[in-house]
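Labels run A, B, C, D and E following the written order; every chain starts at residue 1.
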Amino acid sequence: MVSTNSYIILSGLLFAIGMFGVLTRRTAVMVFLSVELMLNAANLSLVAFARAWGDLTAQTAVFIVMTLAAAEVAIGLAIIVTIFRKRETTNVDALAAMKG
Amino acid sequence: MIHFFIFLPMLASLLLLATPVRWREEVAGFAAAATLGLGLYIWLGGGAALVSVPWIQALGVTYSVALDGVSLLLGLVTALMTFVAIIYTARRIPNPGTMLSLILAMETGLLGIYAARDFVLFYVFFEDALIPALLMLAIYGKTHRMAALIKFGAYTLLGSMLMLVSIIGVKALGGSPTFALADLAAHPVTGAAQTWLYLGFLAAMAVKLPLFPLHAWLPDFHEQNHDSGVADVMGTLYKVGAYGLFRFGMTLFPDASLELRPVLMSLAAFTAIYAAWIAFRQPDWKRLLAYAGLSHMGLVALGIFSLEPTAMTGAIYLLAFQNVYTGALFLAAGMLQERVGSLSTRVGGVMTQAPVLAGVTMSLWFASIAVPGLAGFIGEFSVLLGAYQIYPWLAFIAGLSTIAAAIYALSAYQTTYWQVRPSGGVKVFDLQHTEWLVLGVPLAVCVVFGVYSAPALGLIQPVVRALLGGGA
Amino acid sequence: MPAWLYELIIVVLKGVGVAFALLTTFAYMTLVERRLLARMQIRIGPNRVGFNGLLQPLADAVKSIFKEDLNITMSDKLVYTLAPLIAITCALATFGGLPAGPPNSFFGANPWVYSLDVGVLVLLALTSMGVYGIFLGGWASGSKYPLLGGLRSAAQIISYELGMGLSLLGLLMLVGSTSFRAIVGWQGDHGWLILFQALGFVTFFVSSFAETNRTPFDLPEAEQELVAGYLTEYTAIKWALFQMAEYVNMITASALMSTLFFGGYKGPQFLNALIPGISEWPFIWLILKIAVFLFIFIWARATLPRLRYDQLMRFGWKLLFPLALANTMFTAFYLAYLKGWGLWPLGVAGVLGVAALIAGSDRVRPLWNKPGVRVLDDQTKPIGGD
Amino acid sequence: MNGLVLPDVPLAPMLPILLTLLGAIAATVLGFFLPRRAVAIIALVSLGLSAVSMGTLWNKGQTAFNGSLQADNAAIALGIVLLIGSALAILVSLDTAGRARLNFPEFDAILMFAVTGTLVIAFSGDLVTMLIGLEVMSLSGYVLATLQDSRESEESGLKYFLLGATGSAILIYGIALVYGATGSLNFAGIATASSGLQVLNSPLLVAGALMLLCGFGFKVALAPFHQWTPDVYGGAPTVVSLFLSTVVKVGAFAGMLRVFGGALHNAPNWLGVLAVLTAATLVVGNLAALFQTNFKRLLAYSAVAQTGFLALTLLGTQQVGGPALAYYLLIYTLTTAAALAVVAALQRSEAGLEISDMRGLYYRHPGYAVALAICLASLAGLPPFAGFMAKYMAFQAAFQNGFAWVAVVAALSSIAAFIYYMRVAALMFMPDRTPAREYPGARPALTFSVALGVVSITVLGILPNLAYAWVAFPGIWTQLAGT
Amino acid sequence: MLLIAAGIGVLAVIVSLLLGPKKPSRAKLMPYESGNDPAGGDARQRFPVHFYLVAMLFIVFDIETAFFYPIAVAYQKLGTFAFWETVSFVALVLVGYFYVLKKGVLEWA
């Protein structure tokens, strides 16, 4: 039986990694993956807390979040593909049609 | 009645947008005259008592207006000068529709400022008068008006935003149920908080006085405005800082104003002398008039800050009538420009061709430099008299400014009107039809109230006494 | 020896057992398939190696191990090697979840390797994992045919995944559990689910063909169009592993169908009259049923032509998906309102549904079978280009 | 699982949301059969119906799903604002979407879906509901920003998406932490739990609250999470910018109000952080806007600044801040919508208007110029326009809750605001002889919406009670978490 | 089970690595294109957008299926309420399906 804390620590680590990825990675896809990582970290901690508190509401939340992640994948990939097919790069810095 | 007095001009200005071009001058003139008439009628009725109805209950904002002596006097002057300005506009500006409606809109704002007895309402009118002033400058201004606009707007906003915060603070910290002046006075804020709030309020008023560090917008504003001094008249009327301090500052922040008196009075005195000094080397009538007005305002401020009945009475008196003659002088400058095509103080020899214009201008200047027997004198003298009892030295310094005034005014006048014009030629015509009225009426007022000041003083003194009795 | 260690060893043993059983079956499947196809096409088929070619699979295995293992230049080495492993792993791992008999019937041990309450979900998850193997394989080869093959099979498999998942929903509603044992138990009480979920079964059946890339859905390795699809650049053991995966999936699919719709490891009850408890015997029934389905797989391959790719997609999305959804909704409706009447309405409805489908096949055909687009200037295309 | 308790699903509280949802579905399906105008009208009708149903719900305080959905007055007040904004957006799109080459029917459909999402936020009674609404809104927003087939639009879409997704991720993690600390996802539950919290969990709660704050910061563009705003508002088609900067922002603020004004009201520490963020936003937004040369971008930055003013209200106590926020949101929506509508009307390209091009607008399009001037004055907070009252309430809210310094910062920064607004306004009135640079052509619906916005901000400025009296009861805003 | 399965696979590969001959040659290692030299550079260029679309559709609809499972399992306990839940849910899904259909995403070739 693993203690809740370790779950939380793990999810915290995942989240931190994701955050780091978002801040450092430059290609849209990688940023995007990092975001997904963060989402899953949230899921993990939600489930862990749900077990700690012993009620199921949070698990429904997890379901929602999964859906949400899926929707984000769909839309995000759509946008990224649209841009990628127009120009070769998805490097965020290279997207400078407008001055930031 | 009083509500008509305040809002008639605004209605008229809205109406102007709808009236056909041909009738605009008439409508505007009629509206202004009607307003003035209403004002006089109210005067006969001995002012208007306080009317107070809740405006936004939830916030404790009320619509409460009244016209006691001081407000009434200033209101009357405003109405008068607006009337004059409108007459001149109708004659001078090619397609005056917009200008007229702006003037009228601004008049409402000014009258509202004088009538408001609710802090938020006061703020509303205060900002309300700003918009037409800005538009006048934007539409009719000269080439570099954008800079002037930004200066003017920024200074005003700097003041009024801080004032807004302190308005909120007065109610919040004082715990008054509404923003009505009476309630606020009944729940005063005490201690350091009062000083801070006073400073916030002061910022706005000092900009509009204007007082020394915050005066920089004034010259540009006047210089960049349309050559006919109409907009400048309104700008002069818009110098309501002294009134605001008199009405709200003394009532709500008595301790603070007493505490800051030395600083403020010295600032005021410095403003007076400094402005006079600058006015010397102004090659441009408008800038010169701007600084002259500034110097007068320094005196007014001196009187207001001194918290001494005689000085305050004088200050209000001066405030009221310097509006008249400074405004009139701006118009005179406008006429000069119309004739010789420049506002320079170096064109000579106008006297020979336009003696009447020269004469009227001359006498207006006498009023301005406080020659006894003209309205300016009474004000300045009693201010100095009162101030002398508080801080003799400051009174002395400020007193110098009047001498300085005499010097700069006369020298500029001399180089403009008397000296043989270096380049002769241009035919200059004299005052014609309405122009007589435009310069005549203000001059008449100055003379009358210079000789027989009782009615005006009768309006001012009770209020001042009540204020100082109740306030400080 | 502590209990948990004992448990562990048992589990491992079972696991290894299942794995090798599967591999052997796969090996002999190839033989059986070739023989059967030969029979159906009136040929003889492999009969040289060993008696009737019984050793053929062994030979194949040896050969595939000893062949040179190419690792082509354009390929992404790691993924290229990983892909077949993924494929085979998912394929093998899937099977262990299926119960092959009642608890403790296997020499005192349970005849399954692992059993989860969410068996069906796990199973679907693993099968859909299998697509990674194929797609990555095709992508990693860094060559055009495999890439196209991989893409196609990926698209195909995920498309039919939907039909598969949806077609089970009605069943799950009936049973009210996702654990295989519960499902089998329910069938033991009420009779085989094929009776009540005919439509669901049909959809599941078809989509499991597509899932396993079997004819008529074996687009990924359509020789005429893309040489050997994602397998093009694979040789020797890796190639063999892919094959293995495909066949194992086939076996798993059969096992799945028999478990979900045909009473699983339980035999027909009436036989108990002859030999008491025969319907509870482990393995045999399941194996029998699996065998039947495998035969059907091969039979179909011998019989049906391959679909064109656009037909395939349309079929999956426009016919299978709505059908499965309809089946689900009907079951839901039944459970909500007609439950009181007993189970027969479902049976009738299912039969009617299938009948209607067959009868209306000409009507529904236009949904998926548009005539292929014939570009007039075909000649301008490069020879052999597609 | 403690048995299966069926949730209670009364239709009435959900009706406003369902109606807009129906509108969205109708737009999706019928879009293939009907001309665009008809679909837009259908959408408008559904908005109207939803507004009516809200009206019937007023003062009922009904809830659904055991309180996960609460149709209290706060929800309705915000919901009305949302509907007004959406209606304006659709009206404007009627005349400009064609020119902007927006895909159809996606535009109307997704717009309606976004509206639905925002309504769900406003009506939310627990974090999950709020999250659903928020995500429906944001995802639709990403798509809307990308809808136009142009380089700018796509880039703005990508930026919006990446930052928005990051924001959601942080926000969700915050939700997880708050849940971990309080053991409840329901606002009321969190409120009660967070008031009496044992020491052990309070760090969790604080961390969660701060993460939620960051997440919302991304959604409403609080500095320093505002970087996407100028690019998105500037790069997206103007109609979309209009929608994003009004409805979507209002929705996000509704969420903030629910979460921070309601659930986490008793939670420690977040207030101070919010104060700092607000001050930063005010300064950054206003100063950055000073240096813009494109009017659309200027409006984008001013939107950031306005966010700061809106956030001021959240610093106040519930009784003062709530009504202030509601009123400010209404005014903000009307004003921004009208201003951007004018831009949409006059622009030749989706890049909007260059400020220099606006010189002398008053003499070419007096109507639009005056309208725009009024909008700018209102944004700058000059009486007698409604913007002043709104700003005043915001200041008051912050001041009374002890954040005088933020109020002062706001006051000073709004001078910068005044300057850049006034530059544009003054330019419009400066005489100019050059030929017109604006797009000619009739745009009745758009003009109507502009008129609507301008008239209402003027009237509401003189008689604020018309709107304010509805929301002025403190009782509405102390129950945010539900009971 | 996973471990065992994976183990078997790995084992097989390793064995063949040990036993298989190694005689690479350029022709052998060339990507197979019916014997021609590989045309048009890297194979991993952009695929037809259709495949992306299908992938996205799959994600969406698969999630929908995933939502279905809990309802399905708990269905009988929930009764008619669940039925209407399901109906509304499926209705929404069908809206999306209809949209996709109309957009012709499912039209190939």
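The definition used in the following text is that a residue touches a chain if its C-beta (ideal position, glycine included) is under 8 Å from a C-beta of that chain, and two chains touch if they have at least 3 such contacts.
As the structure is a prediction and not an experimental result, all values here were calculated from the model.
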Neighbouring chains shared between chain A and chain E, ordered by label: D
Separation of chain E from chain D in steps, with touching chains one step apart: 1
Distance-maximising chain from chain B - centres being C-alpha averages: C
Distance-to-centre winner among chains (Cα means, whole assembly as reference): D
Pair of chains joined by more contacts [C-beta pairs], B-D or C-E: C-E
Distance from chain C to chain B - Cα centre to Cα centre, in angstrom: 94
Centre-of-Cα separation between chain C and chain A, whole angstrom: 33
Distance from chain D to chain C - Cα centre to Cα centre, in angstrom: 52
Distance from chain D to chain A - Cα centre to Cα centre, in angstrom: 25
Touching two or more other chains - residue numbers and ranges from chain E: 55, 62, 74, 77
Per-residue multi-chain contacts in chain A, two or more chains: 71
Complete list of chain pairs which touch one another: A-D, A-E, B-D, C-E, D-E
Chain E partner contacts - residues on chain C that touch it in the complex: 12, 15-16, 18-19, 23, 64-74, 81, 84-85, 88-93, 96-97, 113-114, 121, 139, 141-147, 151, 154-155, 158-159, 161-162, 165-166, 169, 172-173, 176-178, 227, 232-233, 236-238, 240-241, 308-310, 313-314, 317-318, 321, 325, 328-329, 332-333, 335-337, 372-373, 384
Chain A-facing residues of chain D, complex: 1, 127-128, 131-132, 135, 139, 142-143, 146, 151-152, 154-159, 161-162, 165-166, 168-170, 172-173, 175-177, 179-180, 183-185, 227, 230-231, 234-235
Contact footprint of chain E on chain D as seen in their complex: 4, 6, 9, 25, 28-29, 32
Residue ranges of chain E touching chain A (in the complex, touch as defined): 46, 49, 52, 55-56, 59-60, 62-63, 66-67, 70
Contacting residues of chain A [partner chain E, same complex]: 63, 66-67, 70-71, 73-74, 77-78, 81, 84-85
